[in-house]
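Letters A, B, C, D and E mark the chains as written, and numbering starts fresh at 1 in each.
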């Protein structure tokens, strides 16, 4: 019985510590992404990026003199958890905007809840479907997968003249979706897709698959997957002597990609990204340095995205006439911001009209921007 | 086509050796404890992290020749992970022995979460590059291509398996383990300190898991906190396939699962005229497992326990 | 209804447990199978009940061949049994231990094809059975909490509650003291009925001799002798099987005596009864 | 050598021993006889630490051993050759012997093994075969041989004749006598009461978890009441 | 009638009243808490269903979530724009339960002869096969994209729109499921299951086909899982393979073990603890899972038999109420 009592007391203490006080005139913004579990790496990087921007704001007196309190909650990349988080934000009238969620599958059921409580929402998830569901409370600064899949397809067909591609994707919303977009554009550009192969999101051994792809003898391999799968695939591809042009999406745009593949093998790989190179502008250089100083590590895969999303949200709050959800929501679709990712403005669906996309090639162990 | 087949066989052997090593840990623990040690995948994950920590520490301290540093770090990783296994058995499983089989299994699940999260919060969730211990050089083998790393893995895997087999069959400690896995009561009557045999198993199993982890990280060039989950489940499948509790069964199961996966990927689309894509590889692997169990209900090398040999009360 | 074993053999690997055994049992009698340990008595019971497969030969109940049938079918056809070691459902009450026997007659008859009994009918039978076996006072006690002797009786009750025509009792007196054994013997004798054959495997000779109509003596899986208790008692081969031959014993005796010659041992100490 | 006083024991809530007293002296063969299920095996298991003991005292060589784990009791020199032989089926004959060997008791493995092989030549012949491939008699010999590997001072044999042919039974009993001559004290639990009493010095009759009768083997063997109880006469 | 009886009756009444008041008060909580309670209720339904197999029949099923998925996708396919089929919620509820049961029988039929751990791995494999199949069957299920915009559930003309509506629906269903399972547990079927768990061999000797018996447990439990899936689908209005991972199967098993195997009260306790724990731990951010794991191990090591003692079960509570109310002299 004694043990039971200890457990109960511990549980009560834990419950009590959950509530944290907020000062009356603070601006409270929510954020949500997976911070534990298998996708924590990506989620955490996004949260860190946003936190970095709000810290920066608070150093300069916040928004209209009000301090910004950023409250990230973990959704574990689980749709059910996502709805709980959404409801928690909705219930807390202090929260006047949310940045999240990272996964399209988590965002979908949550959209309903956010829209019902009139919560202005900035979404980092990239599935094209999301913005077509007709919710008016949400904007997406990041380019959806259409842009990201189309750009490299155009480049390889038109500039490089490569016409025979093989697609590999990891059967996730993102991977499969983006591979599909690439396929459409590649075929529109006169190319031929000679095979599409699905893998599992956690796979690390692609050698058997690569050996059979070799039989197709493609000159382009497009891979819609996450990290470290992109790196592992390319590494194993080169080890088997498959020389085809490798193209991957934004997740691969990290230094890790090149270290994990090995500079020699990574040479020539193409990667799309929403951002010009970190050393291309003082802002980006500054961002990278600040991130290093604040968290003790280089920006993670989605850190810049998180930063830009925070910029959009902050801009809407800045313009809002009243510091509540309705006030922010009224401005959300109309904001135009010059973010870290470039200028942002939204169409009636909440999609970024000017979402930029950059194509990089690995050269001498570094990503180099391809001038278009 | 022969080249292609041979090439795939090489891949199957390399990944099979890794599966087999991890499966050994499951099977040995299951043998003496009848416990599905869900935390086993995490020992696999800890291997390369501890190795990296030790290796860079050694190098930082001035170090010896890189080969020596590496060797010391490998052996030390085995020992550290092994001791961790012993400690976890002592504190998280042993108190639950009298409570049937579900409670320790749950505890193992909890330990798995704890270990994985602990690594994630200390070193971060991101995958980290793991420099190859042996430089990867391709070698031409009868039309197929094999890299030195693959050869190294196969050699190390087979070496460890042979070593374990010799240990378990030829030494007194090994006999203790086998005796304990057959019957705790009889073993204790013979004066065998069963708890020590259990500790020994919890030293060797996780140690081998750590070795597999180092081989794996070295093969693929990365390590990350979640790397143990999926492969742990697969190795467990391999152990069941071979007949859980059977040491040769675990090795066979490992190689077989490697082969099923590789050949599933390589030939499923061809054989099904493209209707079944490579994404069905795991379905195929699981289907093979279920089929095997329907015909050999105790796995390939497991002992068929019928009502006639033991009239066992309560399955768990 | 008669149960018959026709040329039945059972091999465990290379070990031959039962060799070409033919026996038949008719309703209305109590039969005992005796023999030294390892003679194959329990094997016979386990084969009849379907726990063991039969290597060769046939076991028939009436016209139905039992071997090859799954165990539960054999039970449904009217063969019930007890076990050498107590195998009650310890976590269930005494009443529940009996109730569960009527599962095939419950609303699930569509699965078993048995005659359906209502819950009230089932309970009535169970209570009557409890009364018959003097267990009514412990109906709601967990079986595992009963003293050993009453657990044995409960196991007996479980074998009889469904009124099976063939009842196999595997050492019902094992572990009971003399009084309990006597009571058990009287109880089993009282269960003899025209429509029931009771087949008993037992070591306690008092019990076997007092209640059996026929005794079958097994030795090394073969029938050594079969007949009334008086016949079996006087049979020399039975004596031998239980005691070993006198010549063989002599050798041991000599050895033992040579050892005892060293002295200081208590071989001739007096008997103390506690 | 071994003293048991007022032993009460059982399995969980089921008590099976209700007061057992035993006294085994050095060099003796003591037999425990009684009906099937009377508590003979449970008595041995309690002494070895396998059964939960409710109350009572057990002393071996003047040292209380109640509550010690089985392996430590064996290591003190009290070996238990269990009922049904409990051969480790997946091990070979020699591995079974190795499993039974306890280092640090003064004699090397090779030494005892040679002795066991001398006693049971069939074991030497089949040393590399799997134990499960052995016949019942051979398994019994292996079980005894394996118990000897622990260099016991007191050896408890539970039903060594169970399921064996008379010829083999005689061999086993001869071995028991030989062991005794070599200085090992023995407790023999037997169904085969007649033979057990022939070779034993002292006998305990256990009935429903209690010692009902004890006495010199010769007297027990010739007691008309007991004879009737065990031979059905 | 003595004073003490009256006092105890009042005490009991107070406890019961408190329970009722708590249940009635839930809708007045902020929606987040209602949603958490809804989650708890769904997991109670699932765990009570799985408990039939694990707790009563003694079979370890690690792929239970497959049936949940079958139910959820039944709703997604039959009540959404996916194929423009819009069946009423209540109809799909039964279809989902039936589909779950059929899946249960399909799985159970060949594999129930396997022993404990082998059964566990086969059910695990089955769960994964179902998930991967859903993930890959793009034409039918949209693959990893999932199916969005499922119909709002509609109960006899009353649309279920808010977490509170679902709370009442779930509460009623939970009571029905618990009562049904409790009744079954006390029926001869439940007794046969308990006997099966104790000694399968003897059960066969009583003329009971143990495979059928296990199959029944499997089918019933899968039906409850399927029904739970339908509710989940209608509640979430979005289904995707991510909701049906092996981890979810483990979670349901954990709920059963941590609460107390084979005990409905225990299952309820387990669901409450394991659903609330991660919510409480939100403050810990990235340390959440670590603390969760530590708590899990600590609880199991301190109380290996489960949080709720097997004696404290539904039958015990009912008996207590009955004896205190109907025949107070007995206590």
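Just so we're on the same page, a contact is a pair of C-beta atoms (placed from the backbone, for glycine too) under 8 Å apart; a residue touches a chain by one contact, two chains touch by 3 or more.
What you see is a predicted model, and the numbers here were worked out from it, not measured in a lab.
Engineer: According to the touch definition, list the chains common to the neighbour sets of chain B and chain C.
Structural biologist: Expected: D, E.
Engineer: Quick check on the contact graph: shortest path length from chain B to chain D, in steps?
Structural biologist: Steps on the shortest route: 1.
Engineer: Which chain maximises the distance between its CA centroid and that of chain B?
Structural biologist: C
Engineer: Could you see whether A-E or C-E has the larger number of C-beta contact pairs?
Structural biologist: By the number of C-beta pairs in contact, the winner is A-E.
Engineer: Hey, which chain ends up farthest from chain D, C-alpha centres compared?
Structural biologist: Centre of mass proxy via C-alpha means gives A as farthest from chain D.
Engineer: Can you check how far apart chain B and chain E are, centre to centre, with Cα atoms defining each centre and the answer in Å?
Structural biologist: Inter-chain centre distance comes to 33 Å.
Engineer: Round to the nearest whole Å and give the separation of the Cα centres of chain D and chain E.
Structural biologist: Inter-chain centre distance comes to 52 Å.
Engineer: What is the distance, in whole Å, between the centres of chain A and chain C, each centre taken as the mean of its C-alpha atoms?
Structural biologist: Taking the average C-alpha coordinate of chain A and of chain C, the gap between them is 74 Å.
Engineer: On chain C, where are the residues touching two or more other chains?
Structural biologist: Only 51, 87 qualify.
Engineer: Please list all residues of chain E that touch 2 or more other chains.
Structural biologist: 132, 135-136, 198-199, 201, 286, 289
Engineer: What are the residue numbers in chain D that touch two or more other chains?
Structural biologist: None at all.
Engineer: List the residues on chain A that touch chain B in their complex, please.
Structural biologist: 36, 38, 40-41, 44, 171, 196-200, 202, 204-205, 207-209, 211-212, 215, 227-228, 231-232, 235, 239-241, 256, 259-262, 297, 300
Engineer: Please name which positions on chain B make contact with chain D in the complex.
Structural biologist: Per the stated touch rule, the residues are 169, 172, 175-176, 178-179, 182-183, 185-194, 303.
Engineer: If you look only at chain E, which of its residues touch chain A in the complex?
Structural biologist: Contacts found on chain E: 30-33, 35-36, 39, 132, 135-136, 143-146, 148-149, 163, 232, 236-238, 240, 242-243, 273, 276, 278-283, 285-286, 288-289, 295, 299, 302-303, 307.
Engineer: Which residues of chain C touch chain E in the complex?
Structural biologist: Those residues of chain C that touch chain E are 49, 51, 70-73, 75-76, 80-81, 83, 87, 89-92, 96, 99-104, 106-108, 111-112, 114, 119, 122, 158, 162.
Engineer: Give the list of chain B residues in touch with chain A in this complex.
Structural biologist: For chain B paired with chain A, touching residues are 4, 7-8, 11-12, 14-15, 117, 120, 124-129, 136, 138, 145, 147, 216, 220-222, 224, 226-227, 229-230, 261-263, 265-266, 269-270, 277-279, 281-282.
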